[in-house]
Amino acid sequence: MAWKRGDPIRNGADYIESLHGRELDVYLFGKRISEPADHPIIRPSINALAATYDLAVDDPDLASAPSDLTGGTVNRFLHVTKSADDVVAQNRMQRRLGQLTGTCFQRCVGMDAVNALFSVTFDIDETHGTSYHQRFTTWLTEMQRLNVVIGGAMTDVKGDRSKGPGGQADPDLYLHVVDRRPDGVVIRGAKAHQTGAINSHWTLVMPTARLTSEDRDYAIVCALPVDAPGITYVYGRQSSDTRSMEGDIDVGNAQFAGQEALVVFDDVFVPSDHVFMDGETEFAAELVERFTAYHRRSYVCKSGVGDVLIGAAALIADYNGVPKASHIRDKLVEMSHLNETIYGLGMAASHESIQRAAGNWEPDSLLANSCKLNVTRYPYELARLAQDLAGGAVVTLPSEQDFDNPDIGPVLEKYFKGRPGVPTIDRVRALRLIENMTMGRNAVGYLTESLHGAGSPQAQRIVIERGSDIEGKKRLAERLAGIEPAD
Amino acid sequence: MAWKRGDPIRNGADYIESLHGRELDVYLFGKRISEPADHPIIRPSINALAATYDLAVDDPDLASAPSDLTGGTVNRFLHVTKSADDVVAQNRMQRRLGQLTGTCFQRCVGMDAVNALFSVTFDIDETHGTSYHQRFTTWLTEMQRLNVVIGGAMTDVKGDRSKGPGGQADPDLYLHVVDRRPDGVVIRGAKAHQTGAINSHWTLVMPTARLTSEDRDYAIVCALPVDAPGITYVYGRQSSDTRSMEGDIDVGNAQFAGQEALVVFDDVFVPSDHVFMDGETEFAAELVERFTAYHRRSYVCKSGVGDVLIGAAALIADYNGVPKASHIRDKLVEMSHLNETIYGLGMAASHESIQRAAGNWEPDSLLANSCKLNVTRYPYELARLAQDLAGGAVVTLPSEQDFDNPDIGPVLEKYFKGRPGVPTIDRVRALRLIENMTMGRNAVGYLTESLHGAGSPQAQRIVIERGSDIEGKKRLAERLAGIEPAD
Amino acid sequence: MAWKRGDPIRNGADYIESLHGRELDVYLFGKRISEPADHPIIRPSINALAATYDLAVDDPDLASAPSDLTGGTVNRFLHVTKSADDVVAQNRMQRRLGQLTGTCFQRCVGMDAVNALFSVTFDIDETHGTSYHQRFTTWLTEMQRLNVVIGGAMTDVKGDRSKGPGGQADPDLYLHVVDRRPDGVVIRGAKAHQTGAINSHWTLVMPTARLTSEDRDYAIVCALPVDAPGITYVYGRQSSDTRSMEGDIDVGNAQFAGQEALVVFDDVFVPSDHVFMDGETEFAAELVERFTAYHRRSYVCKSGVGDVLIGAAALIADYNGVPKASHIRDKLVEMSHLNETIYGLGMAASHESIQRAAGNWEPDSLLANSCKLNVTRYPYELARLAQDLAGGAVVTLPSEQDFDNPDIGPVLEKYFKGRPGVPTIDRVRALRLIENMTMGRNAVGYLTESLHGAGSPQAQRIVIERGSDIEGKKRLAERLAGIEPAD
Amino acid sequence: MAWKRGDPIRNGADYIESLHGRELDVYLFGKRISEPADHPIIRPSINALAATYDLAVDDPDLASAPSDLTGGTVNRFLHVTKSADDVVAQNRMQRRLGQLTGTCFQRCVGMDAVNALFSVTFDIDETHGTSYHQRFTTWLTEMQRLNVVIGGAMTDVKGDRSKGPGGQADPDLYLHVVDRRPDGVVIRGAKAHQTGAINSHWTLVMPTARLTSEDRDYAIVCALPVDAPGITYVYGRQSSDTRSMEGDIDVGNAQFAGQEALVVFDDVFVPSDHVFMDGETEFAAELVERFTAYHRRSYVCKSGVGDVLIGAAALIADYNGVPKASHIRDKLVEMSHLNETIYGLGMAASHESIQRAAGNWEPDSLLANSCKLNVTRYPYELARLAQDLAGGAVVTLPSEQDFDNPDIGPVLEKYFKGRPGVPTIDRVRALRLIENMTMGRNAVGYLTESLHGAGSPQAQRIVIERGSDIEGKKRLAERLAGIEPAD
């Protein structure tokens, strides 16, 4: 039975259908495009998101969970964690989706934002007597029922990085409230490199950083449908993006890719029911920290992507006839080790979750940040090792069209042959996948997003510094050194 | 009330008392020593073990647990894990003891051996119809009741490393059964660098490696009291060990140290009741793997030791007047990050425990090995960073006696002064602690034991290779690259 | 005065002119292209080579040298080294060209091959009484006079890497002689990822590896004009290559790029005058080793490219308003340090050159290989650090056409603004340059070619092992340890 | 013919003789010792220095050079460089002495100070019309004639590191002039961890850091005989130092060690003839920079020490029967590679020397600092890898006395046996040498001195930052990115 607007989304096919016919203002290559879901550059990113729906069908234990809000089973990406095991289950699901797509599937920001806001709205209400939590759960219940994709819009464009929101030459360089009306607020600004922005149904707007009491207008959290009037999207380019328009081999991973876009809010109205923070500046940092406690260990998804890269590297070693060479095995072991180190830290953070007053569970912040800091390093080393195993052909292969050419194709077939028994074209495909993940479309997600997504490495270092209890550690050292403790 | 032989050990003081008056054959500096527990070089290692008793008194939740065998509460080091949480609790206790002692407290080998043997004896019985498991639990129940220290003797001296037990010029280079009698077996051989050997009450002898079916006499597991006739101990030297005989400052950590010894078994008789494997060669590898699944994540203790080192480094930066310098803070953050990475992997391995047929829980092997592989690297980098923050004085300070000398002492007091307000001698103590942990007595445990304890890095790599499912990962890559899967 | 065929090439413009009107068989994107020099994807690689001509005009001391063969001044890329200073001067020139082009300028293979062959042909003649050296210098004199580009074709396609030339299912997987005629030889095979192949005038064909005495037909060295009948070129794809056809911003470095191609030799005839080795199998390894002694330290060019990347990273930090942040300065210092480490090792190798019997000078092999091994690592870390400083926008910027669009362009102008005073488009350009060098067209040369060019890391390790005199080092250790030396 | 005071020193034996009978105020273990040269802890450091004399006899080309001052041949450690080749020759000599002693031979500070002062005194005179250069060369000529050891005293004790000389609570925490008399100056203060201080004949006192114009009294450079009235030495402890008093095996390297001491100047008079700077504060930084340009590449000595460690690691692998295991060979290669990287950077710095106005040659500062920064890292990794190859026994071996004991000795002989054919005691000696170099006496010089000697890593980073011409690199990037250059 075909899906129609207003129905809950049941699977990936419904999801893709749900993206059609919307009035989104999307720019790509200098043109406003009418049906983004059908654009060959955008479609692979939609496929990746669709995988989050299909996994819930194929493996419901892994990718769905019972909701206290709806009383039914909901997609895990929309679920409020009720235990540390729920937090851990997110990581398992993320690794699996990384394995299935080899890229960013774009639904974690919403999952992590929902969970952070669940507790922050509760705490604001406790402090200020507001009713954000009720508003939020009402909205979330509906989201769960419809099974939509929620994006999160956090990263402001920031202008001069040496100054905060209040110090910018142009106040719009951080998103802020420009008007308050009886029935809602009007916001202006832009959020940069928003993951899956165009593939979402709703967006949660959140501040990006600690705010001072003067920054009241910047302390805004709200939910908007992605097609709210006044929102414009400009699609972000990726390395080798146009190969998605060429064929299916040279792109490396024809089916899946990530997506990031600039989202511009040009005086967009948000009704009060969808406002979940407005002016409570002291909770901005709190929100960022709780969100990143979730989101920085969500990067275990990269260990799933790493599994694919390890597999591709092993495949090419096999095709080259040298899977047993000791230095090759050793490099595969090193890749696995680094990959499991990423995974282990994320899992530890999730297992060590704490419960918030609102009742939901949140990962350990120190371990989550340590997880992410490893993510800013190890995928780059995995990529280097994969290229090492791949050999130089990973960046010098002729094009797919050359292989198809009747004159030169057979010559290439002859000369790019690996060990007997392996079709030349399979060798080419494995190499193209490695290229895709290490300097092509999906290198964006596997490498640079690993560096900057959920905050750049320096942001993790700051949290680690705060969380590492240096004073307590000094006391340990004093005791063993025989030093009278400082008071 | 004074402890007397046969009583359960209640605390650290009882424990130390329990070590007196034994007939141990111990050599140190070329002499047989009569009362090892009182030797100034040995005592710090005993203090470290005593801390495992005192912690169970001070924080019973952390360091003890209810036993199904005795029906009462037992020290966690003697406990058979009944859940993943039990496995995790071991890691928490280990980090805490690392923080309290700044060294190896020597009781983990026994804990991990007990848990590995609990399931392995069960499985041997299932296969062979033997009754090892019953023997083992009977023995263990008594150990729990008495609250003794169980050591584990696994590492054979190995001779020519290119050959296995059967290929050695001297068959004794791996411990083996030299006689089988109606009432027990006679064993001969030696186990190298056995942690806490002299500080234990009982020892579990186990094979060190995978065995072939010809190696039947090497497939021996048994328990012996440490003072069984025929056992000789030769104390292992440590860097700067004799400083423990000098005073309390230059040794760096006057109270605590580790201990390793060569244990020689010269035709030692073991009654049948204490034999838990004899000839079932195919279970040797299984035992090693289960033991190392526990023991390789037990190295999270080093994150507790790392906490002390981070504290000492922060202390000296403070004493030098530059705790806020950005490069110093950055190095402390890096130390914390690496330290938490060690901890996180161990915790993940424990949280992800599996249940064995015998009922007890065992850490995830892949994560445990990845934990240990990080332990073979990061403490060295932490040590380097600590020395960086310490400055050159960490290795060029005059001796304690110079500071005590009435002529030169005041001059040193003047010239080794750091920032105002810090006693010079505290600065000296902090530096000596860093020296102790990075190239003194406790560097042995913090660095080299981190490298080789529970198996050298290459051993971890082998397990990681086996556990990383390269074939499964190839399938993931083939799917995304559009390659028809190999069958 | 316009250049015409047969004239010496005087500068970059002449050089580009010299590439026109040739009958090359070149395939790109599945089509045979008629005038490669004018193709927008190929042209940037030609510009990079042209820079080697222009530098010789602009800075003759750096990029030219007096030749004993012609008696005049020749381009340094064609010069036979007459002193260690000559070898060093190559490195200085290479760093400068890396700085000027930000990519691979493709003329080093020829320079290094010429120098290796100068001594190897001499030594073959000494052994076998052949006259290769005279042939070679006669040919080289003419090359110097004409000031042409000489490429080197060494890397065979290799098929099953577990087997040598003789073990392949298809004998053509290593290039070999298929016919010997009175006046010359006929060769067949293919050389993979040949740098600047299409931009050269002549190519030196050389074996790729150590050969056994059975591999006689594979021991062939000869020179061919690139348009010799039977040679076909298939252009290698690079990440984001088609951006060169789009405009000038998104490509990042509009002017310069590298080039690699598959070169197929389909029964190509080579007259005897241009054959410089034929069957002297024992000199194949010698040639490879001498060539790589030059070529592995030629990779100091990457320190010139690194200078550009460091500059781009500093630029973006400046544009973001945070050039003084301590962690940013620290990362720039780390980049510089790694970059100078690459340079220093190459320079040391060149300064420590030895003189060959033929009279020319050759870099120290151990240092050259150590240089290259660092090159397989550090550019990747420099790239990671550059992306760290760049921020996420480096991979999520909208396209050039979006900035040009009258509707969305001004919005992007507003929101991608950095600190006041910096044109937004300059910020975009700096980011695109970083993208270009870390995951775009020139990442191919800066990263993957750094890994595999002049041999993959394992090849360097083998030479380092051989060159590190482990036995001599054992003697040093024995002496200090008080061990009677083994004989 | 026996050496007598006033004679030139001809060789190591003379040198040792020259140290006897001096009235030095030396404290060690809380006692003033009468004849330091005969103390078993001090003697190994004297032996290391003696090797610098013997090498000049055994290999005069390597360790001596013709002097323009004396007109004769002088020890290279006293020589003023007359060419870049002279600077390079220092490095070759240093690596050789590292190989011969396995430790710090303590004579480089003087060599480097002499060369730095040669040009700085010249430049001060040019600016201020003083006559320091003449004074200095007169003094140096006499030093060369006598062939004495010149030490350099630079590192002040520094107190509160957040403040300079003028900001300290106690002005003596930086050495300064406390009185100026017609015939000379009186100085007070202390210099920390002075290499070879007690083994020298003369000391050059120099400021440790950049000075402001207020710091005039701290801008003092002068030469003193080490037994000048008012100087006191307090010997610095080293890890495991007392093993030098035990026997010859456990110390690891019985013959050679380093030495560092605190040198206290308690109102010491210096006659004007020996004052080479007094108050010219603007030249303090210049002196430090020139000195460190020499001294930071002098750390190539550590590659000589590294050669010994690599040899010891290879030896133990051989003794263990596994020299051909791929992971062991791979680790040896990695050690060699890192070691050559140290060497190569130093050699590059020396080869790229510049000539100063005074006529002497000085290493390239950027490369010298990059060399030293690698030295702060790689020896630690070499040490870790050596311990990896050594196995756990490197830190758990019984004592020498145990091996000598008639009861337990034969048992140890049996059980510490490696592969057949290797005497057990040789295996022990090789292990003790590795212990010595990685956590014993010579680890002080190989590791911690590598970190802090010639300035801690942060000092190198500052010079690298200054030398890396970031602005020039920005121009390179702008040009390629198509950005109009900033002016």
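Letters are used for the chains, namely A, B, C and D, taken in the order the chains are written, and counting of residues starts over at 1 for each.
Just so we're on the same page, contacts are C-beta pairs under 8 Å (C-beta built on N, C-alpha and C of every residue); 3 or more make two chains touch, one makes a residue touch a chain.
In this text the structure is predicted, and so the values were computed from the model without any measurement.
Chemist: Looking at chain pairs B-C and B-D, which one is connected by more C-beta pairs in contact?
Modeler: So, comparing the two chain pairs, more contacts are at B-D.
Chemist: Where the centre means the average of the CA atoms, what chain is farthest from chain A?
Modeler: So the farthest one, by centre of C-alpha atoms, is D.
Chemist: What is the distance in Å between the mean C-alpha positions of chain C and chain D?
Modeler: Computed value for the inter-centroid distance: 40 Å.
Chemist: Between chain B and chain C, what is the separation of their C-alpha centroids in Å?
Modeler: 52
Chemist: So, what's the distance in Å between the C-alpha centres of chain D and chain B?
Modeler: 38
Chemist: Note the residues in chain B that touch 2 or more other chains, in rising order.
Modeler: Expected reply: 327, 330, 461.
Chemist: Edges wherever two chains touch, nodes for the chains themselves; is that graph a line, a ring, a star, complete, or other here?
Modeler: Contact pattern: complete, every chain touching every other.
Chemist: Report the residues of chain D in contact with chain C in the complex, numbered from low to high.
Modeler: 88, 99-102, 248-249, 252-256, 307-312, 314-315, 318, 329-330, 332-333, 336-337, 340-341, 343-345, 347-349, 351-352, 366-367, 370-371, 373-374, 426, 429-430, 432-433, 461, 464-465, 468, 470, 472-478, 480-484
Chemist: For chain B, which residues are in contact with chain D within the complex?
Modeler: 27-32, 155, 157, 159-163, 169-170, 172-173, 190, 192-193, 232, 234-240, 242-243, 250, 260-262, 264, 266, 320-322, 325, 327, 376-377, 380-381, 383-384, 387-388, 391-402, 404-405, 407-408, 411-412, 414-420, 435, 439-440, 443-444, 447-449, 451-453, 456-458, 461
Chemist: Flag every residue of chain D that touches chain A in the complex, lowest number first.
Modeler: Per the stated touch rule, the residues are 326-327, 330.
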